[in-house]
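See the structures that follow.
Common to both upcoming complexes is chain A, partnered first by chain B, then by chain C.
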Partner chain A sequence: MEKILDKKRLDDWAAALTNYEVQAPSQEDGIWGFQPVNGPVRLDHTNTKQPPKEFAFPQREVFFTFEQIKGEAPRLTQVLPQAPRHAVFGVRPCDGRGVPRMDKVFNDHVEDTYYNTRRKNVAYVGLACNKPPSANCFCLSVGGSPVSTDGLDVLMTDLGDRYFVAAVTDAGKALMAEAAKVFSEPSATDQKQVKQAHAAAVAHPQRAVNNPDQAPAKLKASFKSPLWDELARACIGCGICTFLCPTCHCFDINDEVHGKAPLKGQRVRTWDNCQFPDFTMHSSGHNPREGTGARLRQRVGHKFQYFYENFGMHQCVGCGRCITECPVGIDIINVVNKVAENAA
Partner chain B sequence: MINLKDVRDAARDMLAKGEVRAVIGYRRGSRGMFAEPAFLDRPEEADELVWDPTCFHNLSLYLVHDRKHLAHAGKKSGAPVAIVAKGCDARSIVVLLQEHYFGRDDVYIIGVSCEGTGVVDERKLARHLNGAQASNAAFDGDDFVFTTAQGEKRLPAREVMADRCLECRNPFPKEHNLVYGEDKTGRQLEAPFAALDRFEAQGAGERWENWARHFDRCIRCFACRSVCPMCYCDECVVDSITFPISTETTADEKANRIRWIERSAARSENITYLMTRAMHLAGRCTDCGECDRACPVNVPIRLLNTKMEKEARDQFGFEPGASIGGPSLVASFLDKDPGEFIR
Partner chain C sequence: MPHNIYLPNLARVIYIKDEVPGERAIRTFHLEPLDGGWFDHECGQCAMLSVFGRGEALISIAS
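Moving on to the complex of A and B:
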């Protein structure tokens, strides 16, 4: 399904989605983030600081509550997410490509009820990148594209005074069907212009991971490379690179106790992070990933080797957030290229 | 005006003579014009050093890393480590020396004066460049000069400088072994605590509304803690697993460890974390602004720290990082202190 949407009618589309909580990028305190739409939708963002992964994988998820009266057996009550249906506008194609990667992680071997309950209620409305939103974009070199539809339900392309809107999935068609009247049929000129816009988007120069197909083998051969320590020398061990990543999915599980008599609390899942020194700390005090080099190797290896070995694709989608936001200049493009160049 | 060649020559010379184990400075990163921390072990690497308005990092953090590595490896320090330090960075080193984190002979301070300016705030700069990418940044008097694809862009430094630089009381590193650049002590583009005073001019309701929004936004990536040279504790109150464990620690003890702050990035936990950190920095924070810069979600952490700094100044006339021999705020008291409990 391909339609034309006059920019003036974008708000009408959003307003027609009464069965959804509509989310779109807005700026608060200088930060672009997805917020419930409460006013006009303006898709003039670069990219959001955080990817839209929170809709299926929030930073905090309650699994169950527990209560135990002294002397009695503990009572557990499962808490399934009660998330509304979300229509998320303004998703960049790199972040869209993050979605199927997360789907794999949370459905391989074990189907994660919490993730899937949320995930099936999210529709991702993508916005093609006519220009790279960041100087550190590198989607093209990791198999993506600024006009990729992978993981999206709808892809919108900005054609100046109107959007070219293409449904990618049935969920996308349903979103468009909710407001059939706001759309019009694309003309031959529209079709020509969207092709031109996409060709121009793909032609924009970007930074690049060199020979990404060879990266898994090169990284595998470089497990013991001294370069890891060298490249991670400045690493401060914070969680920016992974917490802002559209495909990082590691988590921790803790019991949060809210009362002692009776014992009451919640078992919660929260994001965790392979760059934190305590991530791999054993209760003995031994830490198998002692230094920043081993931890950088883990992050980069996961993106460009281990995930590839497991699922046949790079986990990294080239959004560039980890590069732009690193306080000390650690640059995953540079790391992969340097390690690969020096591989045996 | 600092002549970069002088800094490089000095670094090369001390590495060649083996007077220092390493030189910690700045070099051009792989990400456009921005500088990144550089660790030089060999004299031939000295030409990598740069000095420009993107040298915003407080490198004294890496002196702390170095001590931790040495301790972990059970090694003695040997020759000192040289470090390029701005005024605020040098004051951080002074605090670390006051706290005996290392000795004066363990560090060789290559001071660099920010002279009439300071370093850039990446967010302010991005707004001024309006989407254009700069490939180089340079100091030029009261201006910063950026090279972009559209040509040279000259901006008055004060428009793109970090807030802490605008309020900086001393851009000159008083404590040093070697120093480059002019001493422009007393140069202040804004009054001390100007940003804090602006914030505090709001009513309590408005202040709370703002802080609630900021606290809610915190994602607990701990970049503020990780980037801070003063946050050197081996055990941090927020890390639920770093409590002392021995072979005698029972499973029950491990399970019942005290957790002051849950891992959930919830408002109550975020407040406890950020306020605890601010309290632990009282009298120690030299307003290098790294926590504020590193925060990916723009939590104005600096306001919390400068609030503590202002309290220390108003209550005790205390200025952090002023002199190595000087007292530290929380490890000293005055005979004339009105509080009986402390005397």
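Moving on to the complex of A and C:
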């Protein structure tokens, strides 16, 4: 399904989605983030500081509550997500490509009830990047594209005074069907212009990981390279690189106790971070990833080697957030390229 | 609704045997499942044991 949406009708489309909580990029203190729509929808954003992964994988969620009276068996009450149906506008194609990667992680061997319950209630409305929204974009070199539909339900392309809107999935068709009156049929000129816009987007210069297909083997051969310590020397372990990554998914599970008599509490999942020293700390005190070099190697290896070995694709989608936001200038493109160049 | 892997199997400690006394005492805890079922495991797997309100520990499984 391909349609034309006059830019003046974008708000009408959003308003027609009464069965959804509509989210769109919003700017606060100069920072773009996804927020519930409460006014005109803006799609003039660069890229959001946080990716949209939180809609299926929130920073914190409760698995179940427990209550135990002394001498009796604990009573558990499962807490399944009651998240509303989300329609998320303005998702960049790199973040869209993060979605199927997260789907794989949370459905490999076992199904993650919490992730899947949320995931099936999210529709991603993408916006093609007519030009790179960041100087650190590198989606093309990791198999993506500024006009990729991978992981998206709808892809919108800016054609000046209107959007070319293409449904990718049935969920996307349903979103468009909810507001059929706001769309019009594309003309031959519209079809020609969207092809030109996409061709120009793909041709726009970007930074690049060199020879990404060789990265898994090169990284594997460089496991003991002293370069890791050298490249990670400035790392302060703040973890911003993974917290803002659209495909990082590590988590911790803890019990939060709220009462002692009777014992009451809840089991909670929160995002965790492989760049933190405690992430791999054993109770014995031994830490197999003691230094920042080992932790950088884990992050980069996961993106360009281990995930590739498990699923046949790079986990990195080239959004460039980890580069842009790193306070000490660690650059994953440079890291992969340098390690690969120096591989035996 | 698929099986929720995050819901734990409940068990009761029915017997504790003191193996080695002292500061680093070793004790063996005998557990009895409360919900009738138990879990399968494969070689190399381990179990996360938790006691609500007290904490948790990763336990190796000897086959």
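Keep this in mind: the second predicted complex is superposed on the first by the 344 of 344 C-alpha atoms of A that agree within 3 Å, B and C clash if a C-alpha of one lies under 4 Å from a C-alpha of the other, contacts with A are read in each partner's own complex, and residues count from 1 in each chain.
We take it that a contact is a pair of C-beta atoms (placed from the backbone, for glycine too) under 8 Å apart; a residue touches a chain by one contact, two chains touch by 3 or more.
The structure presented is a predicted model; accordingly, all values stated were derived computationally and were not measured.
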Chain B versus chain C as contact partner of A:Cys238, first or second or both or neither: first
First (chain B), second (chain C), both or neither touched by A:Val110: second
First (chain B), second (chain C), both or neither touched by A:Asn19: neither
Touching partner for A:Lys260 - first (chain B), second (chain C), both, neither: second
First, second, both or neither for A:Ser283, with chain B first and chain C second: both
Winner by number of chain A residues touched, once chain B and chain C are compared: B
Which superposed partner A:Gln59 touches (first chain B, second chain C, both, neither): first
Contacts of A:Leu76 with chain B and chain C, given as first, second, both or neither: second
Shared chain A surface residues [contacts with chain B and with chain C]: 283
For the chain C and chain A complex, residues of the former touching the latter: 1-2, 4-8, 10, 12, 34, 50, 52-53, 56-58
Chain A residues touching chain B - in the complex, by the definition given at the top: 28-31, 49-50, 59-60, 135-136, 233-234, 236-240, 243-244, 252, 254, 256, 268, 270-273, 276, 278, 281, 283-285, 290, 323-325, 327-329, 331, 333-334
Partner chain C, residues of chain A touching it in the complex: 63-64, 66, 68, 73-74, 76, 78, 110-114, 116, 253, 255, 257, 260, 263, 265, 267, 269, 283
Complex contacts: residues of chain B adjacent to chain A: 29-32, 34-37, 39, 57, 61-62, 72, 123, 133, 213-214, 217, 219-223, 225-227, 239-242, 245, 254, 262-266, 290, 293-294, 296-298
